[in-house]
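Going in written order, the chains are labelled A, B and C, and every chain counts its residues from 1.
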Amino acid sequence: MTTPTSGATVIPVATLRESAGAASKFGNSPAQSSPAVTFPLNRWWVAGFSWELGDTPIARTLLNRPMVLFRSPEGGVAALDDRCCHKDLPLSCGSVEQRGIRCGYHGLLYDKSGTCIEIPGQERIPAKARVNSYPLRERNQILWVWIGNQPGGQPDTDPPEYAFHDDPRFQFGGDRYHYEAPYQLIHDNLLDLSHVGYVHQKTIGGNPTQHMNAPFSVNVVDNIVRVTRPMPNTAPPLTYTSVWPFKGLVDRWQEVEFHVSHLLIWTGATDAGAGNADSPELNGFHIRGFHGVTPETDTTTHYFWTVATNPHPERTDAVKVLVEQTASTFNEDKVVIEAQWRNQHRFPGYAQVDIHIDAGPNRARRIVAALTAND
Amino acid sequence: MTTPTSGATVIPVATLRESAGAASKFGNSPAQSSPAVTFPLNRWWVAGFSWELGDTPIARTLLNRPMVLFRSPEGGVAALDDRCCHKDLPLSCGSVEQRGIRCGYHGLLYDKSGTCIEIPGQERIPAKARVNSYPLRERNQILWVWIGNQPGGQPDTDPPEYAFHDDPRFQFGGDRYHYEAPYQLIHDNLLDLSHVGYVHQKTIGGNPTQHMNAPFSVNVVDNIVRVTRPMPNTAPPLTYTSVWPFKGLVDRWQEVEFHVSHLLIWTGATDAGAGNADSPELNGFHIRGFHGVTPETDTTTHYFWTVATNPHPERTDAVKVLVEQTASTFNEDKVVIEAQWRNQHRFPGYAQVDIHIDAGPNRARRIVAALTAND
Amino acid sequence: MTTPTSGATVIPVATLRESAGAASKFGNSPAQSSPAVTFPLNRWWVAGFSWELGDTPIARTLLNRPMVLFRSPEGGVAALDDRCCHKDLPLSCGSVEQRGIRCGYHGLLYDKSGTCIEIPGQERIPAKARVNSYPLRERNQILWVWIGNQPGGQPDTDPPEYAFHDDPRFQFGGDRYHYEAPYQLIHDNLLDLSHVGYVHQKTIGGNPTQHMNAPFSVNVVDNIVRVTRPMPNTAPPLTYTSVWPFKGLVDRWQEVEFHVSHLLIWTGATDAGAGNADSPELNGFHIRGFHGVTPETDTTTHYFWTVATNPHPERTDAVKVLVEQTASTFNEDKVVIEAQWRNQHRFPGYAQVDIHIDAGPNRARRIVAALTAND
């Protein structure tokens, strides 16, 4: 684990491990064949968190590409095809050296661009001795990868900024969850705030009917979907009262922003009547959630999340409590979403009946479909 | 578990649990596609036992239909497609209420007919908001389900009676076993009494040669196959002597009746010469076995069994001993049948060589083939 | 386990068990269909070691044929199709008797030729009541099986001799490993001595660069590939010094012989300058390795290995140490080879780049391809 270097304090929940079997389920690859495009590729996707990538390479399949991620002692991070071009051993079985990553079978050494720069016992290095590399960038403790819709294509933008990871007024923690479900089921879940009452009744939920009946608005601007829902003068849920000394009823808000490769969820509350509804950041309890939802394969997903909060002076363990309860809450979602996905296999081709709360998720699905078609 | 309300005393062997993974292997469904008919559908099949269905819904795939079974607090039992029509979550992940079953994702409520009667936060309920239901009946502590060969078809008969579960002279117990094998391999096994000597040598078996040489008769009347075998003047097996004080050799009998969806097996013994061979119910030790053999999928099976006995006054633990030994015996069969099925995959298309004891099983297979073709 | 009867002392590493699930993955069979030939069949392949085959039959799939191996109390060993011709139960679920093997379901008895010689309860034995048998021979404590390229074809040679298992100057031990990888990946590994420095750095490896730079020669005569590599005046690895009292640097040699169905690997060392490079058997430390590499299926492999050594008088535990360290070393190879195979699925159709050390493996692959085409 790398110690965060900037303002915010990071509290990792757990040692993040790659699920060993996941990647082996997958077959296609970008370099020598043209797989069907099932994700919008011309954008930055979350590949991991900075603190995951220490001295040891990580094997991680991202958007159907089995990659090895590593941090060079010279500085910088790299993502290569996870395969030595000699005998196919995953490079992630090898070791990181000053100049790159060395295969654990016969010692071929690759630099960060994927070029083989040493074959032990042999002078000449064939021109074909190289593997694909992918742009990998580190910003605000998030690792972002770019696949692009053309082999070898380069990004035309910087990765998104996410300032709360480096804001000294906030503390945060997070984790990576592996889902046996396609990524858009997680979008659906995050853009629909009403399930909170049923799925999370014991944690952040509270009264189910209150959630289902709360009015919400959906706005779409430039491929960004924003779902907002004020819940004025309501009882705060358990998670809230456990980390902030509210006096009684609260003015609570929820705001979800969908950015295709990731979502930002801002929730929080002030004592009822105490705040300005239009600028709730001025006081009260805030949760800033980052949600990187990156397809591993067509049917499995990496879910990278953090929650940041402004701890109350009297509640020094606020972020610890919040991260623990968030982890439990997200596990409740995971159980539901994976059960939903398994059930879609048991009932193939059955039509879904839409209800009122599907407005946000359906807008997001239309954006993804349009972007994927254009890629 | 529900306490049995009628005459016989039920002694359940174990908490019956659904094998979590089994149902997800299955794909087809009756409502929106026409699967190949691989079972005779126009009849009652066993869906479970009454004591399995308490406050919590049960997920159970029956004849390729993934169903949720639940008991309504208002009375009555119901079987629905195990899928909310909104976002596909299994209804078995939800909870039972006074008026029906509520989905655990967004709270849609369904009544026993599969009609959605509440969508939280929304006034209008679309006409399409409903799921398939299946007739489910409870009789003699057995749950019977009807699929029918037409969507929405209704049964034209009552489910079979099975009086021994409600006969005060008998005590019984049983269990549900899950088989990784198609259901007809279990028919073969139950209709062939000669394997007892090899597979069950340590429990109900006794001398193998005696079993293989015992004469038996096969009769077929109205799609019922009856295999009977008297074994007069033979040594009683261990199971028998452990629950009944026989004086020495016994007149033993075995009678198997195949009823397509279930089999009835009547075995027992009297002291040799003491009884009337034509009416052995007058005295001695009796076992009345109920065997519901219900396909889960084309290649997996639910096996619902009970054994009832008339306990000897001096052997108050007779039914406990009998149920435990039966459970062991049926596990011996399960090992053999699952190994047989796996091996049929390793030797696909190899012809079987029939022997004398196949007469009963082969008659049953012909009946199933004819009924399935007619469906 | 059978006690070895001849000169050398055998020290088995572990109770050798068949991996239960492996065989069930497999489908085709020789008797009633013509599978594509993917291995050269007209030769002896290793089926096991003598000490594996005691009173209990062994289920083992060899070259895509699911077989039961058993040792007759009358003497001799036999290999049959692992399937009773009546109801398909594996014969390996049955028991060995004086006259053959008896099925555990209805008691059919088969002799060593696969002919059914008893059907309990029935006089007549149909002519079709038989299963395929395969020539199985025992020589130097190795069990060899012959499939042949014609159904029922008989071998035209004796199985290979392997005298070190019966040489009183040597002691040996070994094991059977199961690989989730096709057999030729193990050939590649054994014929390439340079991976030793990377994969086995902690055991038999030593300095990686030294291994990659050591000159080697490759010779091919009559479908035998021989790779030899002298390593004069080098530091002995840990395994060597732990079992032989070398004075300092050593003259070390490695000689690998590929015989299609098995490989012989002769390695060892003398004190530097002490020996005659042309006849190193005169003194020093010797390891004679036997490596039976038998396809289980197209994609899985049985790896039967022994190591024999001439123990130094002062190191009475030499063979024990050697076998333990060899077991560890071969497990290191297994990890690499299985990872390599899984990765070939993740990157299908990617071309490999050859390097200098591939000369030996590539010659072996050409021989296998030619032999398979001729079969």
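Basically, a contact is a pair of C-beta atoms (placed from the backbone, for glycine too) under 8 Å apart; a residue touches a chain by one contact, two chains touch by 3 or more.
These numbers come from a predicted model, not from an experiment.
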After a C-alpha superposition of chain A on chain B, what does the rotation angle come to, in degrees rounded to the nearest 5? 120
Since chain A and chain C are copies that touch, just let me know if over half of their interface numbering is common to both, same, or not, different. different
So, what's the distance in Å between the C-alpha centres of chain C and chain A? 47
Each of the following residues of chain B touches two or more other chains, namely none
Could you list, by residue number, the parts of chain A that touch chain C in their complex? 23-24, 26-27, 29, 31-33, 61, 66, 81-83, 85-90, 93, 103-108, 116, 119-122, 126, 128-129
Help me check something: in the complex, which residues belonging to chain A touch chain B? 188, 192, 194-195, 197-199, 208-209, 211-213, 336, 339-340, 342-357
